[in-house]
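The following pair of complexes shares a single chain, subunit A, combined with subunit B in the former and subunit C in the latter.
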Partner chain A sequence: MPTVAANIRRGRLTPLGWGGLIFGALIMVAPLLWTLLLSLKNNSELVGHSGAALHGPYTFENYVAIFGNSLTTRWLLNSAIVALGQTAGVLILASLAGYAFARLEFPFRRTLFVIVLLGLAVPSQAVILPQHELFAWLHLHNSYPGLILPGLVAPFGVFFMTTYMRGIPRELDEAAMLDGASRWTIFWKVIVPLTIPAQSTLAVFTFLGAWNDYWWPLISATRSDMYTLTVGLAAAQMNYAQTSGLGYLMAQAVFASIPIFIVYIVFQKQIVRAMAGAALQ
Partner chain B sequence: MASLQLTGIRKSFGATPVLDDINLTLEQREFIAFLGPSGSGKSTLLRIIAGLESADSGEVWLEGRRIDTLAPGERGIAMVFQHYALYPHMSARENMAFGLKNARVSKDEIDRRIAAAAAVLEITPLLDRKPAEMSGGQRQRVAIGRALVKEPKLFLLDEPLSNLDAALRLRTRVELAQLKQKVDAAVIMVTHDQAEAMTLADRIVVINDCEIQQVGPPMEIYSRPANSFVAQFVGSPAMSLLPATLVEGREFASLKLGDGSVVHTKVPLAGLPGGELRLGLRPEAVRVTDTKGTTKAKVDLVERLGERTLIYAHLAGGQQIIGEDEPYSQVRLGDEVQLAIDGESAHLFGPDGVAFHRADA
Partner chain C sequence: MTAARDWRGLLFALPFLALYALILIFPLMRGVWLSLNQVDLFGDGHFVGFGNYARLLHDPVFGTSLVNTFEVTLMIVPPLTVIALFLALALNRAGKGAAIIRGIFFSSAVLSVTIVTLIWRFILAPDAGLLGEAWKTFGWQPLPFLSDEHLVLPALALTTIWWSLGFPMLLFLAGLQQIPEDMYEAAALDHSSRWTTFWRITLPSLRRTLVLVVMLQTAAQLQLFGQSQLLTAGGPSGASRTAVLFLFEAAFGRWELGYASAAAEILFLIILAVTITQYWATGRATGADGGR
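Right after this comes the complex of A and B.
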């Protein structure tokens, strides 16, 4: 039986099918729309009844207020530095490790790879206490390295790049060797360009994971100027939600999701392909 | 001075020996084919010369320089891979320039060499295309071009024609033969296709069971096979080998087949061992005849090839034999036919497979 997706591709869908899809889409979109509407309302109007968000007048004053609070932009910057730093670091480390596991012969290669794979099975919660102590001992709390470094331990990234690179024919490495290329040239000029689809998939997931991460920044960043956006917004919710108002809080939420939104739009193809790939395997 | 020299090359993968004491010398500008069945070690030998595998022992010398201790890129060798191994993300031009850039050749010189190679191979319009935008034949030309521009001392071709369809394979074979005239380097081609080896090579190196079985010009390999393996591997269809016993003769050996018929050969009697021998007959030495022949056989298969008809049959003793008939042969499956055996072109092999050659061959 053809799937719904296949039917849509063929332009064949019954009215019932359309209705089902629209209903599903509404359920997904409604909270987002609600957030957006609330963020566009004057706070005092919402104090009485949040249903006021369903009609005008709408205002941008909450967004203006965000830029009035110096900390929000600081949190945004922190999130960007942490997410981009982790993404760049994971791509570099996972590619290098992937190449090593896929191509080089060295002692304990299999054992090390198994250890990397075991890393996939260890939940981050299980190691959070020793991790916290380690970073306290290193005096890395409340710093960018403290926020970025734990995210660089990416067993999935290493596994993903290893598998991908194993799929690249070895003849290409050999042709490059005969072309006088060094190991580094082979890695950088032949292998890495061929892994761009894998790199972009890994980059998107790493960036999203880092941007949305809450727990580690909550533990590591105790000074408000080192908060990431997720931690900062949660703190704002606890402290100011009743006083500064719901509209302001929602404006912060919308503001925080804009970068994610952009990433999704730009890398839509990679995300869908990665999801489809994961589903097929 | 010899071009390439291999001395005492040995290689095993774990406990499995792959090459055992390989010695070989190539002359300048010589085209050599390594011919052998799958798993014979011919590709491993090629990879040892290229530096992609290291030998357990032995030395490789190229134009007076020992190269087996050098990295593949420093050996002065270019290789065309079986699956071409073009870099998929680079255009044909970039593929050809890659090795030259690594060797720090000047940009003008790179451009000049690419233009010259592209003209010879007729791939100038393809230079800015990526491998995915080319046909198999075009990719192969680019792969050859990538080897040409390096102006190597030795070309290695690993099964260069095996990925092409039949028509293109024939055309490329002719083109490779023409190309060989134009390059100033020795060429080694690995193949399991004897027709390729016969048409292209100056000399063929037949490899089997980790060892070189025979080295020689194509017709010598065909007409004077050193042993029963070479005799059966070279030539299509394979030579029929029939168990036979020596009967008394004066100067040349006469042999009795299992069904009692006798074949008079031109192999000198002197030096032949007693006991069981094997008579080697190429299909063209066994003809179907209307009159009484040397022996008779029952037909198992009739293969019509157009210019001739091959008859696969078995003798009364059960031995398989392959013979020839006219293009419009009337022979049918199950017929009993008379076979005239041309004893003068028969080959003779001892119990260990070693050949005893005819006086004239």
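Right after this comes the complex of A and C.
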């Protein structure tokens, strides 16, 4: 993939251009900084006067309070379990199905693939009510399987892995076939190792999507100990007036964003590469 | 070879297909059936044909929610697309400075809707917000963004644009990388101005990315939910209730599952129609100049 450095054709950016960009960037970060400053203030100092956030004294007491609150840390754990579970599930299911659609012959293969692709056009709101009903029948609400499963059927992963596997030269699996390898061995020993870049891209996107999902956990997790961070923070901000202070609320927001910022910084390359792929399609 | 009769290949696809049938295809069908029934929390309900749809047509709350949805989508998609394109053009260059600024503009995109609304609630609030504080330093009266019928949708749009800039910007940056260098060299030989180069080379080459961004963003914003539910609960007096919030309230507030399903089907058809129209219109518009 060509890097941004590979073609610079716009000429120099004028000082005015840089000024505009930096001004825009400041507008982008101002809300984040404001949140950070609020989270570092004593709650009573902020009552009726949030401008106090612009000067000291600052304190970590709100963060200390989070660790004293078992629910917020429980939500963090729930989010981690759901996001990691969904990521693992999507990688396994999409790789297996992608291999079948890209390489194997079986009856109705084309028809089934088209049915999977059509699923890309189904918005989640069109299926969420019957999904809620289905999971109630299965007694899966307020459980980890219940939170994880709906994320596994997104057709994008299968589409993505099928496309990627079609690009792997067939000679590789034919050579293995001549050596008497089974389909499973070819899949596991030849194909999977060659798809590591695609796996990591799919993993990052699935993780981001699962971690940030609000819709499904909102209706499936109704017990506060089964909330994910998104739902827990939604409940916290809706009850804001009655409960703890503004600084504490903002500390929760910062606390909840730290894991995802770490994932973003570590996996920046995968994100950029995936975007390059999307722009090519 | 009897490959066509070999069912073993299907075994690899089966785990996904089984879940897909159970958790996506079945609910999709079941949703259509529910929309034709009067269903509440208890019991199976009874068949009412298009009764729910007829009721929706005469429900001013649903009508307003659709209008709000279209309005907020129109307030978001065009500015978002233009700003993202502009940023990509300006930031498509090497160097640490550009990389840092790219990172900053993308950073908000990794946050969840709950964190975004939490942040923006205390920017927009007139008595305790950052905007209010800024306004006061200029000696102006802070505006009640979230409690004024005319300001609430623009406020939701602003929040959403701030949140959503990252991915379109990255898509445009990736699109810019695909434009062959020699096209620009040819333009330079012709002494084309930057402006001409942009209109004649850059923009036509980005056509497919542009269509992708507009289609994805339109479909996403027509389903806008969290911002409205969390920041305003659809208020004041329904001025920011979107279609998805309407169906959420009907389903999980009043447990009118059939009625909510009918609303979901209508919104589904609208999203499909808009997406297909955009795809078809751009296909025709660009077919004329030899594009694919």
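Convention: the second predicted complex is superposed on the first by the 264 of 281 C-alpha atoms of A that agree within 3 Å, B and C clash if a C-alpha of one lies under 4 Å from a C-alpha of the other, contacts with A are read in each partner's own complex, and residues count from 1 in each chain.
Assume contacts are C-beta pairs under 8 Å (C-beta built on N, C-alpha and C of every residue); 3 or more make two chains touch, one makes a residue touch a chain.
Here the structure is a predicted model, which means the values were calculated and not measured.
When the shared chain is aligned, subunit B comes close enough to touch A:Leu194, but subunit C does not. In the superposed pair of complexes, A:Trp211 makes contact with subunit C only, with no contact to subunit B. Set against each other, subunit B and subunit C touch different numbers of residues in subunit A, with C touching more.
In the superposed model, A:Ala221 lies in contact with neither subunit B nor subunit C.
Applying the stated contact rule after C-alpha superposition, one finds that A:Gln131 touches subunit C and leaves subunit B untouched. In the superposition on chain A, A:Pro123 makes contact with subunit C only, while subunit B stays out of contact range. Legend: residue contacts after superposition of the two complexes on their common chain; A:Leu172 is shown touching subunit B, with no touch to subunit C. By the document's definition of touching, of the two partners only subunit B reaches A:Thr185; subunit C does not. Contact with neither subunit B nor subunit C is seen for A:Ile148 once the two complexes are overlaid on the shared chain.
Once chain A of one complex is fitted onto chain A of the other, the partner contacts of A:Ala234 are limited to subunit C, with no touch recorded for subunit B. Those residues of subunit B that touch subunit A in the complex are listed here as 50-52, 71-74, 77-79, 81-83, 85-89, 98-99, 102-103, 146, 150. Every residue of subunit A that touches subunit B in the complex is listed here, in rising order: 169, 171-172, 174-181, 185, 189-190, 193-194. Residue ranges of subunit A in contact with subunit C, taken from their complex: 1-2, 4-11, 13, 17-18, 20-22, 24-25, 28-32, 34-35, 38, 46, 48, 50-51, 54, 92-94, 96-97, 99-101, 104-107, 109, 112, 115-116, 119, 121-134, 149-150, 152-153, 155, 158, 183, 187, 208, 211-215, 219, 229-231, 233-234, 237-238, 246, 249-250, 252-253, 256-257, 260-261, 263-264, 268, 271-272, 275-281.
Interface residues of subunit C facing subunit A in the complex, by the touch rule stated above, are 3-13, 15-17, 19-20, 22-28, 30-31, 34, 87, 89-94, 97-99, 101, 103-108, 110-115, 117-123, 127-130, 133, 162, 165, 167, 170-175, 177-178, 181, 184, 194, 208-209, 212, 219, 223, 225-226, 230, 244, 247, 251-252, 257, 260-261, 264-265, 267-268, 271-272, 275.
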